[in-house]
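Chain IDs A, B, C and D follow the sequence of writing; residue 1 opens each chain.
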Amino acid sequence: MKGLKIAVIGGGSSYTPELADGFIKRADRLPVSEIWLVDIEAGREKLGIVAALAKRMFAGAGMNIEVKTAFERTTALENADYVIAQFRVGGLWARALDEQIPMRYRVIGQETTGPGGFAKALRTIPVMLDICRDIEKHAPKAWLINFTNPSGIITEMVHRHTNVKIIGLCNVPIGMVSNVARLLGVESSRITIDFVGLNHLIWGKDVYLDGEKVTERVLQYLCDGESMTMKNIPDLKMDADFLKSLGMIPCPYHRYYYMTEEILEEELKEFNKGKGTRATQVMEVEKELFRVYNNIQLDKKPEQLEKRGGAFYSDAAVSLISSIYNNSKDIHTVNVRNNGTISSLPDDVVIEANSVVGSSGARPLAIGRLDDSINGLVQTVKSYELLTVKAAVSGDYYTALQALICNPLVKSANTAKMILGDILKENENYLTQFRAKS
Amino acid sequence: MKGLKIAVIGGGSSYTPELADGFIKRADRLPVSEIWLVDIEAGREKLGIVAALAKRMFAGAGMNIEVKTAFERTTALENADYVIAQFRVGGLWARALDEQIPMRYRVIGQETTGPGGFAKALRTIPVMLDICRDIEKHAPKAWLINFTNPSGIITEMVHRHTNVKIIGLCNVPIGMVSNVARLLGVESSRITIDFVGLNHLIWGKDVYLDGEKVTERVLQYLCDGESMTMKNIPDLKMDADFLKSLGMIPCPYHRYYYMTEEILEEELKEFNKGKGTRATQVMEVEKELFRVYNNIQLDKKPEQLEKRGGAFYSDAAVSLISSIYNNSKDIHTVNVRNNGTISSLPDDVVIEANSVVGSSGARPLAIGRLDDSINGLVQTVKSYELLTVKAAVSGDYYTALQALICNPLVKSANTAKMILGDILKENENYLTQFRAKS
Amino acid sequence: MKGLKIAVIGGGSSYTPELADGFIKRADRLPVSEIWLVDIEAGREKLGIVAALAKRMFAGAGMNIEVKTAFERTTALENADYVIAQFRVGGLWARALDEQIPMRYRVIGQETTGPGGFAKALRTIPVMLDICRDIEKHAPKAWLINFTNPSGIITEMVHRHTNVKIIGLCNVPIGMVSNVARLLGVESSRITIDFVGLNHLIWGKDVYLDGEKVTERVLQYLCDGESMTMKNIPDLKMDADFLKSLGMIPCPYHRYYYMTEEILEEELKEFNKGKGTRATQVMEVEKELFRVYNNIQLDKKPEQLEKRGGAFYSDAAVSLISSIYNNSKDIHTVNVRNNGTISSLPDDVVIEANSVVGSSGARPLAIGRLDDSINGLVQTVKSYELLTVKAAVSGDYYTALQALICNPLVKSANTAKMILGDILKENENYLTQFRAKS
Amino acid sequence: MKGLKIAVIGGGSSYTPELADGFIKRADRLPVSEIWLVDIEAGREKLGIVAALAKRMFAGAGMNIEVKTAFERTTALENADYVIAQFRVGGLWARALDEQIPMRYRVIGQETTGPGGFAKALRTIPVMLDICRDIEKHAPKAWLINFTNPSGIITEMVHRHTNVKIIGLCNVPIGMVSNVARLLGVESSRITIDFVGLNHLIWGKDVYLDGEKVTERVLQYLCDGESMTMKNIPDLKMDADFLKSLGMIPCPYHRYYYMTEEILEEELKEFNKGKGTRATQVMEVEKELFRVYNNIQLDKKPEQLEKRGGAFYSDAAVSLISSIYNNSKDIHTVNVRNNGTISSLPDDVVIEANSVVGSSGARPLAIGRLDDSINGLVQTVKSYELLTVKAAVSGDYYTALQALICNPLVKSANTAKMILGDILKENENYLTQFRAKS
């Protein structure tokens, strides 16, 4: 029997060693024979470094996996069993712009939410659409595991405009489970969270320890000042009365929506110190990581990788592949077609939900109606996402403007227009789908 | 045959002469025999003035209608055919507070939207609930025509918590029709607007002149700088690209949502000039109006009344009563139970929609799904309204806090908490349903 | 100003004189200049007779309307303002088959419901699709007024597969209003019925006399044995307890669903007497009608026309055209896109509902959820209709089989298969879209 | 730590030894300390026999479980952890009537579907409501595992009218999985079926072997004449074209709906042979079973039990309890609140669906819209079920009549009325909620 073929789009990413580590940890369950790392010419050096490291890692683990690199993706995709998308159009320089442009207008500058995530979506969608056309042709049975951000919007687009089988992934839910476990002093495996919402906008509606509801206990920890944030989000304390009124566990990204002004002040303060944005820090971390990766003695995933915001993302991807391949029906929190799961939303939109994953894909567990306390935000962000997909695919200026106006982090139509102007101008090499607009 | 009995709650309002005028204009269609003007003791003087004016107006028109005043409402309600609600709990002083409190935190201060409308709802709902209990008992067949603001929220509460037959009224839609007619230089009767949305959050999805679609023509007028505002809303010009991207006619209140920052600056600028808020101006207008009303020569609706923001409200109420009484199946834009009209919203919420009005009430014309460009805002405001009704009826602090956090004009949870603190404290005489919270 | 151009597909129908009469009665409101009567070669003689009669009628009324005949429809459609569809594919001989085939298997044989209506839809849909392609090309602004049966299914198909603006018409609702008026001894204009359902499956949820609910009074008349049937439906009395439990006014066609066995016995009894089916009687009526029409003295709609089952259909069509042309916003009960009107059904299906009709089309009045007592039947028939449209357009045997199995008048899958076999075989000249299936 | 307390309502049932066997097989996972068998006085002898057998079985397995019997349920329920409902109001004599009454009118006579299931629901619901009131009081934290039939309707009632945590169980889905496994010659554990529908009206939308879709292969077996029926349902072959057009795996009970006439003929033929109905056969089986149970040598579940139609039901119940107790998140096909799972049905109705079961209950996996081919039947039966619950709780004759008219196996309103008359009369000792109606 032939082993599995894996294609990684954006293979030169600093996350790749974690992917390799994920396959090594699951050697008994995932008979991988080839891994193709695909990247663009501009990433040739980094691709060489991570490919060499991956080879050393598999060799060190005594595994017989071929690691191949490619700058043209069709050969890599040909009959692939799983395609992993982890690319970043425009790299960290584009991210820096995404974070800076909104701040010029006193709007949150963030990589995946607000205008920053919007710009990233506009750049990424045309590329992802091309990739999907190739998958449809060269690997129609493959599963696409996406963790290119904004993961929810990308998954939405692939569902609407292609026939590719996609599951969208995010590390926020596993991060929340792990944080709750830490607060309660128990193993993560004993915790279940009933998640409800969208990518980067997900609430823990109820938390269970060994199946018993402990939501209030967890909320009390948060009210008492315990933290549940991520590397890339300022750790501002949420108000206790707010948490009690919400009655759910917010995700780290909720700070952008519930503490907009406070986060903005923090961002501006940091930026004005001349430290740049999060992109600047990540560039430093990356530089250091590739220095470490390049050490030919190294044949393990280095500890430094965990400093990166997206840690555990890649391991989650391999874990998901294992559930699909082995038809093991584990529960993962992923981005899937709604199909009634949240009955306040149309069937055909993508949500993030606890889902049973097996060989036939991910089946979300029914949730029912959204509570009024979160309905507005979920509906608003979903409408924003749908308009963003439409704008990115059509290149229509007015749809893009409406999308940005609908984003809850943008304060006015005029601000949206100015930000959109800057985004279109400063990303013009990437946003060829948009007709020139002075 | 006995004539109709009308009871007016808040009968001492400066709007009452317009009501009287409405009955006079429809003398041939509405056989009214008694009008009861009910008010509170504190309004005794004003009540006396308007009652006297109303008597002179009916006499002047040669109509035999008894005008009675009352400070206790059960006699007034007894077997009434129509009850009109136009009261204001706390009067204009409370309105001034509603407008000022939010501004302390750089949040829009407005009578019916944002935290101001929220505070008004909290004060009004317990009183309206008491009135409805009396209507259920003393006039179970009566129609309640409500134009006490926030009209949509009040109608929502009456639908959820009472058996009273209510139709909620607003003058924004007729105002928009009349403005569009003015722009196109035609009679209002030739214009139809397909309205979609909620009270004070309504869009003209399409505009028809004699049944032919002229939406783009009207939008072009607005893009060219033509104004469509109301007395009480700063007349800031909306951006042409924004209007094109929206593709619908916004209502005057949309400025608060689409131009939040700009309106806030305008409000603060005016307030800092020491002119007070809109309430202050209205107090002046009212003082002048009652001076005019008190002139015993006067037996007609004085022209000055049209300066008041709510002009035409009362005439719309009488026109509505005529459609019900005569089963004439005219189309009015009113607040009614959704029942599928907007299929993206639950059946059991109140919306503002074009409705056929006859003796069996108001039947809205089906609309279908909300466009993504307006879905988020409509869902958000509706969820805010439902939480507000729940908070006002239960007096639960945390529900009130969630309501305010969900309001799209409030920028952060912390701001919501501070504003709520001020509202509860400074309205404590009215908000007895809330347990003390330091 | 140029007058209106009307194209009538199936212009040689015996209904045409009623159409002409309808235009004559509305001469003051509908400035018609040309009426094109289109038919197939086989109908040349009848077409000649009705065209001549129509000319005499207009002349007799002193109206200057050109009446033209055509056997090729594009010229007739060119820039038409209104297209009226009243054709019958296969004529009355095909109808006779539709009525007889099901009876072979002890299943109701009826022209528009059950397997008979199904066969008629399979024959009609390909022709209607061709007509719509021509309308899209030659008269894209025209309104298509359809009363070709099964009117609900035809309208559903046009909505799903074409861009033609269609309103589907039926005379059942006006017939019910007129019957209720007769029972109550009042003018039809004083009666309103809240209709809910689908074409030929419509209930009067509530009945109002001058806006006052009289549903129970009307039900009592029916319980007492008063009749409300139509020419083409056996007048079997409905059980009083059944009517009380239903609490709504059933339509005449409901007998087929609620009294299936009884109607079947009646049909078989009549048929076994050698009288043929309803088609046979209609052939007689038609022969007589055309004899009368051919009288060159005649210049009025002859009384005999009212014996025909579809009486008043054509007048309803002209009345509808008048509401559209004059933007008069009258309420008609027509077949329109649901758009949330019945919130238990998807937005994109066609229902029959009270609708406000003006120049921009028909807007149904919101109804809300279906009661459990009628939900099953409505859902079943709507699913049957959707499958029938799909089968007729695709020519897929298995879809056709599912459609017929889903029809509530068909008793078992095996019966459905046998009936379908006969339909396909005996209609093979018309059902070319179906691949041969032995 | 205290062991689990189990209360079995209908403890004297012939199924109880399987329950006992289920607990023995899961001794390592379910620390049961007490089992209370509750029954009515009339069942005293049988209760004694099964209790004695259960004791011998536990002793034989070396388990220390107290077996107690009771004729009054409050002590048995006091602080119970799990309550199992397996009672039968009126016993097999009532079942015989349920099967015979409809046949008098040429309608299917069946225990759980059609008028037979309706009569059983009317008898069972008042008793179940009383039991639930006791559970609310004496064991508010207990899970109620219901396999009293009609299981879907009973679960619907408990969800609507009580606060008891219920999961409804049926052995049809496990039976289908096991039959498919047999056809494919593999272990059941390798088969997954995507079930969709309601209790005793469930389709296998897709079948997977090790996660790979094999639906067409399974359908082909059925087309080729392979059987998939149950002990209590005549094994009539389904037509191959019908199966292809359906494209899903029907459940054994579907024969009643898709082959109504054929099954009826079969039933009447058997009955006319003087063999009685299925109840008569079951009485024989039961008599034999209790003879076997009474053998004091016996300390194992006897093989003969598997002849009973409901075999494996009880084992499924214990397996479910184990998933709840151990929070093991296995997938069971159970009756749960819809919550959007089937997006064509309201959130608040009970459906039968694949669900993840853990300590917090059963969460169904989202399905989306119903296909048109099954929408009508599902909607009709669900509406029938809702009306049946309403009729059984209220005792309203007209609601009962509507329920029966809506049942798709009843052919006409008149037939429904006659059957209802017989049911009410012949069950009058049980149906005290109904006012006398001659």
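Simple rule for what comes next: contacts are C-beta pairs under 8 Å (C-beta built on N, C-alpha and C of every residue); 3 or more make two chains touch, one makes a residue touch a chain.
Computed from a predicted model, the values in this text were never measured in an experiment.
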| item | value |
| --- | --- |
| Shared chain contacts [chain A and chain D, defined touch] | none |
| Centre-to-centre distance between chain B and chain A (centres being mean Cα positions), rounded to whole Å | 45 |
| Euclidean distance of C-alpha centroids - chain A vs chain C, Å | 55 |
| Where chain D touches two or more other chains, by residue | none |
| Pairwise touch network: line, ring, star, complete, or other | ring |
| Complete list of chain pairs which touch one another | A-B, A-D, B-C, C-D |
| Chain D contact footprint on chain A (complex, rising order) | 192, 206, 208, 210-213, 324, 327, 329, 331, 337-343, 347, 354, 356, 358-360, 363-369 |
| Contacting residues of chain A [partner chain B, same complex] | 238-239, 241-242, 244-246, 258-262, 372-373, 375-377, 379-384, 386-387, 390, 397-399, 401-402, 405-406, 408, 411-417 |
